[in-house]
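Single-structure report; data block below.
Should a chain be cited, it is by its letter among A, B, C and D, assigned in written order, with residues numbered from 1 in that chain.
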Amino acid sequence: MTEIEIGRGKRAREAFDFDQIALVPSRRTRDPEEVSTNWRIDAFDFAHPVIAAPNDSVVSPETAISLSKLGGLAVLNLEGLWTRHENPEKVLEKISKASPDQVTQVLQEAYAAEIIPQLLVERVKQLRSAGIVTAGALSPRLTAKYFKEVIGAGVDLFIIRGSTVSAEHVATIGEPLNLKKFIYELEVPVIVGGCATYQAALHLMRAGAAGVLVGFGGGSSGTTKSVLGVKVPMATAVADVAAARRDYLDESGGRYTQVISDGGVHSTGDIAKAIACGADAVMVGSMLAKATEAPGRGYHWGVEGGHPTLPRASTIHVDSVGSFSEILQGPAISANGSMNAIGALRRSMATCGYSDIKELQRVEIVVSQ
Amino acid sequence: MTEIEIGRGKRAREAFDFDQIALVPSRRTRDPEEVSTNWRIDAFDFAHPVIAAPNDSVVSPETAISLSKLGGLAVLNLEGLWTRHENPEKVLEKISKASPDQVTQVLQEAYAAEIIPQLLVERVKQLRSAGIVTAGALSPRLTAKYFKEVIGAGVDLFIIRGSTVSAEHVATIGEPLNLKKFIYELEVPVIVGGCATYQAALHLMRAGAAGVLVGFGGGSSGTTKSVLGVKVPMATAVADVAAARRDYLDESGGRYTQVISDGGVHSTGDIAKAIACGADAVMVGSMLAKATEAPGRGYHWGVEGGHPTLPRASTIHVDSVGSFSEILQGPAISANGSMNAIGALRRSMATCGYSDIKELQRVEIVVSQ
Amino acid sequence: MTEIEIGRGKRAREAFDFDQIALVPSRRTRDPEEVSTNWRIDAFDFAHPVIAAPNDSVVSPETAISLSKLGGLAVLNLEGLWTRHENPEKVLEKISKASPDQVTQVLQEAYAAEIIPQLLVERVKQLRSAGIVTAGALSPRLTAKYFKEVIGAGVDLFIIRGSTVSAEHVATIGEPLNLKKFIYELEVPVIVGGCATYQAALHLMRAGAAGVLVGFGGGSSGTTKSVLGVKVPMATAVADVAAARRDYLDESGGRYTQVISDGGVHSTGDIAKAIACGADAVMVGSMLAKATEAPGRGYHWGVEGGHPTLPRASTIHVDSVGSFSEILQGPAISANGSMNAIGALRRSMATCGYSDIKELQRVEIVVSQ
Amino acid sequence: MTEIEIGRGKRAREAFDFDQIALVPSRRTRDPEEVSTNWRIDAFDFAHPVIAAPNDSVVSPETAISLSKLGGLAVLNLEGLWTRHENPEKVLEKISKASPDQVTQVLQEAYAAEIIPQLLVERVKQLRSAGIVTAGALSPRLTAKYFKEVIGAGVDLFIIRGSTVSAEHVATIGEPLNLKKFIYELEVPVIVGGCATYQAALHLMRAGAAGVLVGFGGGSSGTTKSVLGVKVPMATAVADVAAARRDYLDESGGRYTQVISDGGVHSTGDIAKAIACGADAVMVGSMLAKATEAPGRGYHWGVEGGHPTLPRASTIHVDSVGSFSEILQGPAISANGSMNAIGALRRSMATCGYSDIKELQRVEIVVSQ
């Protein structure tokens, strides 16, 4: 551990973001056509490891279905606009029309509406009836309140996602979610996070998570660092959590928890970087918000963007670059890393000489300031 | 101590600013509602540790009262516009109307007016009569001249603030302030600074200070580095002074000096960062100059901005983002770290798993370039 | 090797680009008139070590001849516009007229045309008949298909250039190029690359290469890092490959492989930096695309810029600064490092006190962030 | 020595510029009125250590006299416009009117005129008759040719200044200047440079220099790094040369060579930084080119800016901020570090607790990225 002295008696660790690192080819190369991008969690197989984040700017029931048909997993936010509004399209329209100065207040208003349990059930059923792997996300705070509806409606994967989720939440008022007990009793696999450290991740793994989300749920629109002063750069966070996976695999006698990098993907190359640091899959938001079909209509915001008293995500304008299919599978018609994400991952693996995602986790990396 | 060789025979220490560090959550989380932001100095209790700096753009007698009612401490500059001008509002108006090229000269003129002792007494009495904790600041050079008026008018806390204050000022012309003797004889607790190193802080603590200001009194408008070449990045300075606090606590058999970070707070997250480095409280200027009630009318300047021959602070334009109440207590209507400072601090503590300021000083940090 | 911990269990090496380093003069100086910039590969001598890259924006049959007459080596891309189009000038015109948004698609279309073997032969013969050192480049994928035509037409130097070329390409469909066998059987010296590591370079040297290209073939227009996440900063890559050259020289009992830095040259000073890291010669693209005679007509793009599904090079606008002669031999009429490249190299050597390229490889360097 | 591995077998030293460092106050403070900025070289005393560089944009015979009367040393370029043109004002006018694209060519033309030996003598006599310390600069190449005229006309200090000057210049055509013999025979003290390393400086000291210039003679307009790839960041260069001074003082039994930092001063704080690294005096160009009286008329260029084939300095526009007197002695009417250089130096010393330049060389510094 590279420790730095900030001042007498206060030491810090140097931590790295994806943009500070790069992959180094090995002495071998491969054909892009002959590498595998497959990803599996629990009993579910996917053609690629790129997961659509539960952002209302990316995943609607409709786009979840499209994205699933393109081979990936898409997660619907179960406490977002689709479960608070009968007609979220009107709300999305309003958000996309708001001026930069006003947009946070427009979000605050939109997310102030109460969750309608019946809508929540309907949305999940809509996914289920499309025959896709059905996945929905709740925050830790609302999980206890709504999980029965969610399970009842038939999700395949249950995601508990907050900016920081710990297995040891201390509260004296009300009873906090006992994560271990909760996961144990649930019939479906649970993915839980964000977490950003070895210890926090290990505790989530011990609580029985099928996958852990690494990051703070903010992604490219997040302002957690400026608002809270809290940040763990993604390359370091993913590598630490991958180490927890290895240690938990040993202590549990063989339980392999999926490490899902959640945040910090600005271009297709960042997907390969996340895997190089040890991720099994990568959750992306803004990259998919650039799709012509994206509900955000050229805008993207994190789930904390509408917090009533302390919003922690900006609403950013994103260029619409092509369809979901073009963004994921190409062909790319520009060279800026916004399109053909799976083709790019495939070629990263081929260029570096690796044949699947698990192998790519071993690739050598450099720090390049 | 990480030492770097600049060249043969000249070594330097690497030092860090708040924007190079970030807080790392522990494995525990808490509810924001259940953490305490209380701060105490001597016999005075405050709901939060954010102190309004003695900048004329921030603290007038009137705003000192408002800010105190919001739970914090506000310090009036006793050698600023309010003690030099019967009607400072006219002067403030003129400053806010000056062109960027002219504004330093307008400040020089405004601060060239003589201090009127009677006004100084009146301003302090105005604060006192409002029933708030009354605090006023003088520079070391003028302390000897005016302290009797200040004490006589009834301050609760006496602040001696200069860009660099040492307990060992060498002068052959005139007699410099003997800080130890002065503090000993004064009836009120004294906060003194800026200082930026372990040694300088330790000497101020030994001189009897109730609190030391860490920094150079320049803050976000300061140009000390470009004008004088002098700078100690804040994260390092606070950590060093916190180490002096620990050592002085031991050598004095239990005297705990408050370490007050003074400068470098650009967004709400920096408050948590200052505490993470060891601060007990944080003095802010530009953050509060963004209030609609701020005397600066959308402008902010450091106390050195009006120096007659060597001004060392620019006058910067700041956006008015909301009321003092919104800036300190929220709700925030933007996600850029300019509002709901106390709510943000509360959530930083909760996210990282700590329950009060003293605990938060122990949080792990990373360096993130 | 300076290793950095990215996170638990994932280490990385710190790597450096040319813009992070600089040459340090020794205690001796020389006259620029008295240093030699000569370069030799196999039986071919050149007045200077600056090689024109096989970019269609730089090297046409016509400019290859001009550039050779100015003392250097120019490489024609044998799978570029000149072998796909009877009249490439029309295509180049179209590229130069395309809007930034459209230009990648225009390139994709232009490079989608089939290679015409007869044209390939004609272009090589055109070079040959001019009496210059004739050099042409193919990618690894097309080498097996067209090498007979190329050799038959009479190249002096055969260049195999791809973004990453390894001596150990793994493929199950079709038979990959057996580089060692291929080079052994060819009658002409082969330059091969890009490669970026000690191991990959050593394998290429063992395969019999007369020279290896260091880099990813992308140069200043390349987006390999953002699209694939793959990058090895050039100063580190060149130094590593130079180390492979030394070790191979020993293990082979005296075979000296030319190390050719390919990419990262943004100004004339970068040529000296590449040599300082251990390069024997430097391949440049954008620097020569700035010539008034350049086929790119003020634009430059890498060979991957027209890839049908995953373009990995932008088309960048470059200012036309002067003729090839002025860019290489001066006089310079600006001080920005875009002209008189050989004069600048000469003066770098003189200022630092070295008399030829081999000596300049020993110059001391500093890292300057 | 902090060594970094660039790649296998190529190591580099980390080097620092003034803008990466800052001064740290000691535990003592002083009154600015009670510190001394005096500087002495050979038998000449100056009120301050800021030397006007031999730039035609700064020093004319007339401004040399003004600057000397303000307490400092000013060096006239004896191979610049004043010795090549009867009426340089016309030429300066033309330079100031040239467009950015054309200005290098205008300089090249202006400096292509032959030096008129008679003018050279006249200019020196003009300085001498004003009763100031008369100092003129020649490049190493022209020193042998013109030194007799220069000495005959009566300079007090002879400056030999080139981008890199070594005591061991290797040349086979013509006989290079034998610096040691030359300095020994001359009747006046010689200042020589630029140099940037311990070894090169030590050799210049052994050759008998009264002072050495540290840097490459380029200053803020210099493009040596981009054109030649050559650079030694100033903080490191000054510290190294100061170490040579200490060692030479010992080996010579007491000869103290003045170390003069030449380049890298962008604001008044950089003067204190140069001294903190070990400089005895600081040569400045662009800072004084900002004077209303400066011959450059709002423009500044290095002496290499007019090189006929390889110009290595841009012509930069500088704001006119005030008179020479205001720039050196204040009062400053802005806080950006462009005015009251001596007052700022005085206050740096006072703030840090030192009483003269020699003491300030001991000040603690930090690296602040």
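Here are a few things to note about the model shown:
We take it that a contact is a pair of C-beta atoms (placed from the backbone, for glycine too) under 8 Å apart; a residue touches a chain by one contact, two chains touch by 3 or more.
All of these numbers come straight from a predicted model, not from anything done at the bench.
The copies subunit B and subunit D differ by a rotation of 90 degrees on their C-alpha atoms, rounded to the nearest 5. Taking shared numbers over all numbers used, the subunit C to subunit D interface scores under half, which places it in the different class. The mean-CA centres of subunit C and subunit D are about 40 angstrom from one another, to the nearest whole unit.
Separating the CA-averaged centres of subunit B and subunit C is a span of 56 Å. Residue positions of subunit D touching 2 or more other chains: 14-16, 236, 369.
Arrangement of the chains shown, judged by which pairs touch: one closed cycle in which each chain has exactly two touching partners. Interfaces, counted as pairs of touching chains, are A-B, A-C, B-D, C-D. Taken in their complex, subunit C has these residues touching subunit A: 4-10, 12-17, 20, 101, 104-105, 108, 163-173, 176, 195-197, 199-200, 203, 223-233, 236, 304-305, 308-314, 369.
Residues 1-2, 14-16, 18, 21-31, 33-34, 198, 235-243, 246, 267-273, 276-278, 330-337, 340, 343-344, 347-348, 351-353, 355, 364-369 of subunit C are the ones that touch subunit D when the two sit in their complex.
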